[in-house]
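Okay, structure first, notes after.
A, B, C, D, E and F label the chains in the order they appear, each numbered from 1.
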Amino acid sequence: MYKATKLVIITERVILEGVTDLIEAGGATGWTHVDAGGRGSRGKRSARRPGVGGMMGNVKIEVIVSDHEKAEAIMTSVADQYFGNYSGITYIEPVEILRPYKFAV
Amino acid sequence: MDLLLDILSTMVAQFQKPTLAFLIGGMMLAAMGSKFEVPEPVYKFIVILLLLKVGIGAGISVREADFVELVIPAIGAAIVGVVIVLIGMRTLARWRGVSPMDGMATAGLFGAVSASTLAAGMAMLDGEGIAYEGFIGALYPFMDIAALVTAIVLARLSAKRKTATAPTPSGDGTMTLGGTVAGPVPDPSEHWDLVRGILVDTLRSPAISALLLGLALGIFARPDPVYESFYEPLFRGLLSILMLIMGMEAWSRLSELRKVAHAYILYGLAAPLVHGALGFLVGLGVHHITGFSAGGVVLLAVMAASSSDISGPPTLRGALPKANPSAYVGTSTGLGTPVAILSIPLFMALADALIGF
Amino acid sequence: MDLLLDILSTMVAQFQKPTLAFLIGGMMLAAMGSKFEVPEPVYKFIVILLLLKVGIGAGISVREADFVELVIPAIGAAIVGVVIVLIGMRTLARWRGVSPMDGMATAGLFGAVSASTLAAGMAMLDGEGIAYEGFIGALYPFMDIAALVTAIVLARLSAKRKTATAPTPSGDGTMTLGGTVAGPVPDPSEHWDLVRGILVDTLRSPAISALLLGLALGIFARPDPVYESFYEPLFRGLLSILMLIMGMEAWSRLSELRKVAHAYILYGLAAPLVHGALGFLVGLGVHHITGFSAGGVVLLAVMAASSSDISGPPTLRGALPKANPSAYVGTSTGLGTPVAILSIPLFMALADALIGF
Amino acid sequence: MDLLLDILSTMVAQFQKPTLAFLIGGMMLAAMGSKFEVPEPVYKFIVILLLLKVGIGAGISVREADFVELVIPAIGAAIVGVVIVLIGMRTLARWRGVSPMDGMATAGLFGAVSASTLAAGMAMLDGEGIAYEGFIGALYPFMDIAALVTAIVLARLSAKRKTATAPTPSGDGTMTLGGTVAGPVPDPSEHWDLVRGILVDTLRSPAISALLLGLALGIFARPDPVYESFYEPLFRGLLSILMLIMGMEAWSRLSELRKVAHAYILYGLAAPLVHGALGFLVGLGVHHITGFSAGGVVLLAVMAASSSDISGPPTLRGALPKANPSAYVGTSTGLGTPVAILSIPLFMALADALIGF
Amino acid sequence: MYKATKLVIITERVILEGVTDLIEAGGATGWTHVDAGGRGSRGKRSARRPGVGGMMGNVKIEVIVSDHEKAEAIMTSVADQYFGNYSGITYIEPVEILRPYKFAV
Amino acid sequence: MYKATKLVIITERVILEGVTDLIEAGGATGWTHVDAGGRGSRGKRSARRPGVGGMMGNVKIEVIVSDHEKAEAIMTSVADQYFGNYSGITYIEPVEILRPYKFAV
């Protein structure tokens, strides 16, 4: 087992593409996203309710990277670029992986 | 006096017609805290069918329409879209407590068009047997795109002007539009890039592209059999479900308005009527030039009165990320849309009185 | 003898009719391990259209019905709902191996009404050209709410009584009902609070509120054109898909019953017939008082035989959190519903024999 | 020369008909980068209704068909399915740069049948008022299952042969098929187990089981009223939406083909025409033996030309996990399916010229 | 980077509202939920299958709080109030965050 | 609070059943899955796009087990059986739980 870092970003669905562009630019080998709803400082957001062009849903994106600095760098770039104007939170967790080559470029 | 009575009685009668009745029914459901909900994929399906119906129907008619008959109302529609945004810029966006960015986004949304509201107008005219130009749906993109582009360009230019005067070094209006990151807007050539970017983005948005697809199918193919056997007959039924959803949404967004300035409430209530009147006037002009029908004038007024509910909000969110979506979506979905739909009978009565069906 | 033969031949013929055939087809799909599935949003959409159809149809008829003609069967329906729960309390809930709480929840579900089963009954009568009162759908909430309220109140009172005798200090029946946390039930005024809470919760449940919305639209608006051009014609087709789903669900829930007491299996098989007979008898009474039609008697029997599949389960889960949902949902969806639907031809044959269509 | 002109003009006319126009419209939407999308549950619902329609329609006709009339084309269909796979094994699977496993999976997919493409063919014949045997849909499973079983068995046998010669100890073709883990294939009895496993898996797949359910309902029940009032009339409209989706999918999968060998592009373009011609020939033979209609010949050609888009891919993914899905899905969805649909008018013109409608 | 705690609750969808009320009462600044299916001691639960009023789906709720005690307190209150009668599990993980003020009231 | 291990597997939706069979065979008391999309070495996968029989979606499966070895054993068996031919990643995280008996057989 090898140590690696998981970066999680929960934010508005409309910027999924922009955020994953930053993730790829930051050198991650991949990412996973799931539809989400939630509540935060900017009120309730729902993944299921119709209307407003699907703009009210959240997405939870997770990225496994081999080193902690890379995770922090992506985290900062996403927060800088988006979290002034869009809802979102981000955090990091340590994980253990089997195949380190899967997560390094 | 008689005119007023006439208008009133038309309106009361319309409130019992399916379209308005389902809208009000949706509001009542939400008001009584019902857990009833229509799944999002169903909502999307209804919207798709409705946009294709409006587009195909218009495309089939465009085939036979003559050029002038078509171009004059299209220019009229575009002018209405631009003027609505300019009105918003001079009023809402200058109000105390309203950030100019939020105000411009709201004006853009109200200048843009709601396909659902337009469809509701068509259903009501159909229900009364009132004729209108088949190509009316083709005017939608002219008004919609004109309003969105104007609002976004003006909002970004004024934000840029402010940044230029006030020395704010970072966080400077960086924006993502359909994936392309654009910096601040310095010279004329970038001006055109900005406008082109917004145009491309609007044309790629789900609602406009579904409508344009329908138009293209109607003009270049022969979808008449499937239009008549499927899109047309399902249209009114699905619209009733859509009205339910819009009523529920309107009621539940109303609460969001508590957090924003009172100006939004005033704007949400008055703008549909003012914009509708503007659309009506322009329609009247077109009527005198090209013989545009009374039903067509009503639908131009309805488009003007409506505010975009499908493509507009995400387009604005992408292009004006600093604008607060609670403000513009809340004002539009919570007030603008129901007021616009409920005022359709008013425009009908007006057209009957001034032109005659 | 002739009567029996008649009943048998009616039943055999019905098994080939779309409604039952799709139900059985769904069971066969599940039995052969097919991976076929209908997406949940589609299921919800079908249920919504069906509830609106039943509601609007009933509402339109209520407009013209006279008061007595309406009130008598409504009272009859409510009585049937209450009596079914009382029967369950005396039988199932006292069985060895059945917890009283689980038994009461099951009785409540069987007393409540399945809109899908009712719709299946309507489709079968329509298919045979047998008339029934248009307002029949309006009886649904009376039986449904009466049964759910009775079951929940009785179950919670008896749980409270037990808690009072046995000194169990914690985990004491705390419940959440639509977000409001209610403690144990000590005095008469809290009694009414409890009943009111259940009523509000039931009225807000998706199925009942869709039905009531339909009723209100039918009574106060004029949705007739959209009813006739959309809800009515789509009804039978969508019902066939719904029957498929219900057949698949029934088969796959059957396996859950292996884990619960045998009493549930007996109840699931016998209760629809007993309850249907009860509903039939009450309908016969109403027939003699107000001239209620033979088709109406069949549908009252069908409502009584049916068990709630949309709103009932989550309402009970919220109001009686200590009841085991595997027991009541399994018994109802796995056995009660298919037995009720399959016995519709029986009630039809009976009505034909005893009243005559 | 005249024949060629005839064929060309038939094809041009068809490109304006709804079916092809919506397919091309979908491609254009994707090409211009539109964000328009149809929700997955809606896609599934459309596919379900379409499969039930094809199945029920066929079932109703099977009732009245005589045995020989039915068996001869069924045998023909199965032969076509097997031969298509054998052709693929000799060509695509031997190409340089194509792994034999990937090549066989692709051949299997192209041998199998697309219900959507078949439905498109039916809609085009209906649109021209050309008759075909009602039971045509019943031939689908014969061709589909024959192709899938042949492809999977041959691919696994050849993989086994290779494993036997080359000493690769681990990762040896272990596979999961509908949950049952099967090891390498050593003796004849396990052969049959393999075939049985694939058969069971195919029969349980959503598309085949929906079709078989429809067939069973059509044969053993009397679903005619709901077929005529619901499945039949909705069919053409929903097909237009499905064609949109398939056009969009085709365009977006095309890009995946950049990563695979050029052989796939050649195969994707040529195979539908070659297979269609083969189906046409076999159909012609059946026409001479049983009087099979010209419309029936066209539909047999269309089935042969089509490649499976609903059940085939996941069945192959489960049964041949070592085959690369990008290769076979990309080739089939990106090229095979649009080419097959666009060549339907060709088969119609051919049948008109050689048999006459 | 600052230390914080992530609390995860996987339970029946029907009580989402009740659970998030407890989360808010426990002083969290927000929460995120995603639809889930699964299997546990009370059998299989599916997020996709139609029928029974959507009662058979699970939901996975996650809450980031700045201190571990708060997470434990919410965890215990949810377990006490619901896990006697409803399916559910709950666990806690350490995470690292960028902006501690986002997660403290 | 007790220590436990969370195993996460992100893979193709079509093999959900096969993977959960391995999880159960490995002695876990339950599992939770959510629909997901993502990008990895085998390209983009989407949970929402129609077509190809739903074959293009991912699923994220998480399993809580009381001891780390069990998690590793399940992880290895899933990777061995499936990750040669199917897209997928897997990782392990330490968690804290309330009721250890829930996660031990």
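Assume contacts are C-beta pairs under 8 Å (C-beta built on N, C-alpha and C of every residue); 3 or more make two chains touch, one makes a residue touch a chain.
Everything numeric in this text was worked out from a predicted model, so none of it was measured.
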Centroid comparison with chain E (C-alpha atoms), farthest chain: D
Homomeric contact chain A-chain F: same or different residue positions, threshold half: different
Whole-Å separation of chain centres (CA-atom averages), chain C against chain F: 40
Computed distance of Cα centres, chain F from chain B, in Å: 46
Junction residues of chain D, two or more chains touched: 37-42, 44, 206, 234
For chain F, residues that touch 2 or more chains besides their own: 34-35, 93
Inter-chain touch pairs (all): A-B, A-E, A-F, B-C, B-D, C-D, C-E, D-F, E-F
Touching residues (chain side chain B, partner chain D) in the complex: 39-42, 44-45, 48-49, 203-206, 209-210, 213, 216-217, 220-223, 225-226, 229-231, 234
For the chain E and chain A complex, residues of the former touching the latter: 1, 4, 6, 20, 24, 29-35, 64, 93-99, 102-103
Sites on chain E touched by chain F in the complex: 8, 10, 34-41, 47, 58, 60, 72, 75-76, 79, 89-93
Of chain D, residues touching chain F in the complex: 37-40, 42-44, 171, 174, 176, 179, 181, 206-207, 245-246, 249, 256, 309-314, 317-318, 321-322, 325-326, 329, 333
Partner chain C, residues of chain B touching it in the complex: 15-18, 21-22, 25, 28-29, 32-42, 127, 233-234, 236-238, 240-241, 244
